[in-house]
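The next part holds the structures, each set out as structure tokens.
What follows is a pair of complexes built around subunit A, which joins subunit B in one and subunit C in the other.
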Partner chain A sequence: MISYQLSPHQQQVKDIVHWFAENEMRPISLEADKIGRVPDDWLEKVNSLGITLSTATFGESDHEHMDSAASGKENERKGERQGNRLAVIAAEELGWGDAAIALTLPGPGLGGPPIQAIGTPEQKRRFLSIFNRDEPPRWGAYALTEPEAGSDVAGIQTTARKVEGGYVLNGQKIFITNGKRASWVVVFATIDRRMGRSGHRAFVVEKGTPGFSCPRLAHKMGLRASETAELVFEDCFVPDENLLGGEAYYENRQSGPSGFRVAMQTFDNTRPIIAAMAVGIARAAYESTLDMVRRDYPKRGRPFQLAAGTLANIEQEIQSARLLTWEAAWRADIGRPNAKEAAMCKAYAGKMVVDVCAKCLELFGTAGLDGQWVEKWYRDAKIFDIFEGTNQIQHLIIARHLYAPFGVRV
Partner chain B sequence: MISFQPTDEETAFITLAKTLAEEVLRPAARSSEEERQAAREWTIKANELGFAALELPERWGGMEMTLISQAQILEALSNGDLALVQGLPGPGDAASFMRLAPENQAFAAYRRTGEGGQWPTVAFLNACDPGVSQSINITGASFENGYVIKGISRPVKMAAFAAYLLLAAPGPDGKTRLFWLDKEQTRWRAIPGDYRLGLLASGWARVQFDDLTVTKDAVVAEGRDADRLLSRALARLRVLEAAKEVGLMTAALSYATEYTATRRAFGQELAKFQGVSFQMADMAVAVQAARLLVWRAASALDREEPEAPGLSLDALSRAHRSLRLVTDSAVQLLGGHGYVQDHPVEKWMRDAAAQIALNGGEQDLLLRRGEQLLTEERETVS
Partner chain C sequence: MTKSLEDYTLEEAGQKIEQVLNENPKPIEGLNAIYQYDITDENQSFQLHLADGKAKVEFGAPQKADCILQISFADFKKLLLGELSGTVAFMTGKLKIKGDIGKAIKMENVLRQYNVKQYL
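And then the complex of A and B:
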């Protein structure tokens, strides 16, 4: 049945993550933005608590099944996957706390989904088992974008030349979250540019690999505490065992889009998470503004009326974005295609968070410029309309799905 | 558990409603508009299948469906034609009041009349709506002396065909009164008008009261009881109306999608121009956002959540916004073809405008919601 009620387990995850966001992230939020990084001692502390950024963190677990079974509720069918729903619930709270810090939490990050999706058992063990509270904090990263291939993912120029025992990578990647600090990076490259998408391959490149370097970190409008790296691959040898999925995966899909498909499937899982973070930022701005208007605005007259209408519109927009996000996650959980819904929620939430933060800034007036979170949230928000596929790319995906039944490719 | 999966029972009803929308409602839309009345085939089938009694209590012989089920069914039906759904004879909006106060004596005669399954038509006039000025005046000091109602209303849906009128109006003391007015026994009149915009099959008429005297028997509720009943019913009605709007916008979206996928210009399908396909994407997102907010409000009202009335304001204002965007865009994307009656989109744009006028403007709904948020006041839900 259609339901918007959080299950006890979902509510528990929401409450725990919210507590963390409020008591651990918010206190360092403005300082981290100011210094342009998340303090190392803080990262070590949260790592020792076992807190990581991974879609798997909130996914299936024995605990979850026990919880569901213990509740005795028929509608919480034992074994029903809910990892994506849990992930978006948690991501909203992390976004509410601080999106830049959230993206810097130790863990595989956006590099996790492709390894989980097509990695061999050996690769999953090697690359995903390193994230451990008893070890120093570690990160994974996902490297797709290039200077000449942003939205046009199919046009990546980084090459992977087959040699004895592996591949040699040459090329450049930009805008890579946690790219410098990562223990490994999932890198997309082409074995032959003439093959188009079917020539794409995904490799796991480990930190310290000769020929792999990070010459520069970007300085940004917002999300300043989050590391955004430029990566360079110069005759970088990657062994066969680091080809994601192994040779067999690609041999079995000679007619398919291979590595391109991996990249796209990753987006179907990660876009709802990014959208949920945007919802979290918007909610933070809304709650802060609502408190301020209640406290500082006159209780009647034109300013009150204007604020009332604006806040109602904001609240509605946040609700809409959240529900679109939940729907995309729900479809992924029950195994239905969700590319259109993932694009919808990302397009909507990315635009919504910018609009919401702008309106909140307007309601604050110049008071919002001086040491207030709201100006930071506005700066942070804009990237959510760009990364993981720009708003325009999301529109293209939605349109393609609308016209697919008519055999029209747009 | 968060889920977007309809139940099997809902799926069966939706399938039935879709078939009816496709085979009966859509083909009858134009002729019903010309005749200013719902097609007979539709009203007969709706009664047979129980679509006129979705909201009525079971003990009355109604379906007493949850709002989340009704929302999906009404969306499917309105996809056929919203004007015909609005023009369906029966209890109409008053059903929500009957659902909430099934034992109210004022409704007893109506209940008996409809026991055979043929529910006479009721129009609902809300003269308490602060966003809508009505020149209706109620005088008289007490039940003993009765009330005297005079004045003329704004246009009301189904007033032209109604045998009964449910009137919500402030009494002489400013307190809300709900009156049940049998047309045969009282002297209210339906005044025809010159209606050309939309929902033309839904019996638009103004209601005139010529010093109408009403007695205690006609009072459904007064004072706080009336406020509570009105508030609860209006929350339900907002959701039901918003669901109908989702049906209409879905029709416009589907039609525009097919048209732009097949119509060619400059040597290729319209869909291949990003100015077109991106607009279609915006329309699709607007429809889905509205639908999910309607479901959210419906689900909350079914569960009697404290936030439910506020969510119903959200749902209806969002539905208004999406409806305006989608129906206007559909006409735009068809170009000149959208403007002429060879295609249904011009009618849908007109129906949409009338529907929004009928149910309170987006800005008024937003403002009310905003005032709730700022003052933390909540309407009654149970």
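And then the complex of A and C:
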């Protein structure tokens, strides 16, 4: 069985990330939401401290991490891996601080996992070594969603045409976190739309590549400080060296849905992190509401009982989501498949955070709508049951994993 | 250049730190705190007293520290040489912090402003 007690190291990580969330993130949270971006000087300061949003931070040092990933022996390294559990513990605290700022922390972001998973040693070196506290802050990004293909990933329309020395990309991507500021973007495209999933390829497109542009940033309901970009590729030439994994990777797996699998594997790593951030937002709203109820509610009678009952229910919901998230991270750490658990925790936490923030707003009453943190968290919460796969998609994934052993194809 | 940092004893390293900080006190100006380093594998401690832009190193734990950092001697040297970042050391469990986390983060920033190698 697993233990519910944090190890001394896990507790330390939780404490220090919480300190960072409380003393560095919260003070700029409302202002960043208002101006719709995270201040540059703040990002530079944080970068110089070596704080990045990357699961690699939580493993061995970056160098060792890259070496071990390259030799494919990550699971066999001495001692127990706990990078995924540390990542979700840290992500909950970051979500508690400010989820939009958390998503803006420098580092490879969502683009990291696909490069770690299938990048050639040379690609890992080239793309992952640029994140350095002695240099300006940098970002990576992950571009999958298109106007005609969000949940239906198999339907991506962006094309990659083979030419001498590389590929020419044409198409459009939307809702790409950090897409404009990123030094490189992992872009999914198809070499032949008729091939479906097996025609998918992942490319690393570097900032400044001719034909690659960002015409627009989205204005959103929540997570306003986080940059959400629209990207356009017009006859954008990408050299062979930037085909993620190299030609060999795709040739060896002619039978399998390779590029698609790369895209999906990323989510098994990142969904628990997103779920943990949702837990963090919910906890923030809960703590703030609990304070207010203690301060402002009458201490007896029907209203007090109702408020206390609601708060108890909220706490129960938060704890359920947290435990599902920990389970998904734990399975990844011990090297077991976690696609089903990652989908479950993301679906549960995504819905939970929306419900919890709505209940907290109710307890605040109309006062909660005017300049209160809870109002911001309510706006920030909604995206959590949409991005990284909508809840409908999560349930499809769960159903596939549940019924596949019985020969039922969903 | 006589001896590299790798060969230093803890006493020598402590004295060197005191000397370097006092020769160039700008980064420690305005920082008033007592840091305690517990060198885990040597079973020794020393304290770094920072006050009024001056640094003083004392061995053992004569006063109550604001912040205690626990690390092996080898990793401590790497930290001084800038080969290991405090953040990575912390996240990988090589460095443990007790007490005022804010002060620990400030120290990380201070250390970065010294190019230790030029003093060796």
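Operating definition for what follows: the second predicted complex is superposed on the first by the 390 of 410 C-alpha atoms of A that agree within 3 Å, B and C clash if a C-alpha of one lies under 4 Å from a C-alpha of the other, contacts with A are read in each partner's own complex, and residues count from 1 in each chain.
The criterion applied here is as follows: a contact is a pair of C-beta atoms (placed from the backbone, for glycine too) under 8 Å apart; a residue touches a chain by one contact, two chains touch by 3 or more.
What you see is a predicted model, and the numbers here were worked out from it, not measured in a lab.
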Using the superposition on subunit A, decide if subunit B and subunit C clash or fit.
fit
According to the stated criteria, A:348 is in contact with first (subunit B), second (subunit C), both, or neither; which is it?
first
Is A:19 touching anything from subunit B or subunit C once the two structures are fitted on A? First, second, both or neither.
second
Given the superposition on chain A, which partner contacts more residues in subunit A: subunit B or subunit C?
B
What is the value, to the nearest 10 degrees, of the angle subtended at the Cα centroid of subunit A by the Cα centroids of subunit B and subunit C?
100
Please work out whether A:133 is in contact with subunit B alone, subunit C alone, both, or neither, and reply first, second, both or neither.
second
Looking at A:49, would you say it contacts subunit B, subunit C, both, or neither? Reply first, second, both or neither.
second
Mind working out whether A:402 is in touch with subunit B, subunit C, both or neither, as first, second, both or neither?
first
Using only C-alpha atoms, work out how near subunit B sits to subunit C after the chain A superposition, in angstrom.
13
Overlapping contact positions on subunit A, where the subunit C interface meets the subunit B interface
none
Using the touch definition up top, name the residues of subunit A that touch subunit C in the complex.
8-9, 12-13, 15-16, 19-20, 23, 48-51, 57-62, 86, 133
Across the complex, what residues on subunit A touch subunit B?
1-7, 10, 75-76, 80, 82, 85, 290, 293-294, 304-305, 307-313, 315-316, 319-321, 323-324, 326-327, 329-331, 334, 344, 347-348, 392, 394-396, 398-399, 402-403, 406, 408, 410
Which residues of subunit C touch subunit A once you look at their complex with the stated criterion?
84-88, 90-93, 96-97, 101-102, 105, 108-109, 112
So, in the complex, the side of subunit B touching subunit A is made of residues 1-7, 10, 68, 257-258, 261-262, 269, 271-272, 274, 277-278, 280-282, 284-285, 288-289, 292-293, 295-296, 299-300, 303, 311, 313-314, 317-318, 363, 366-371, 373-374
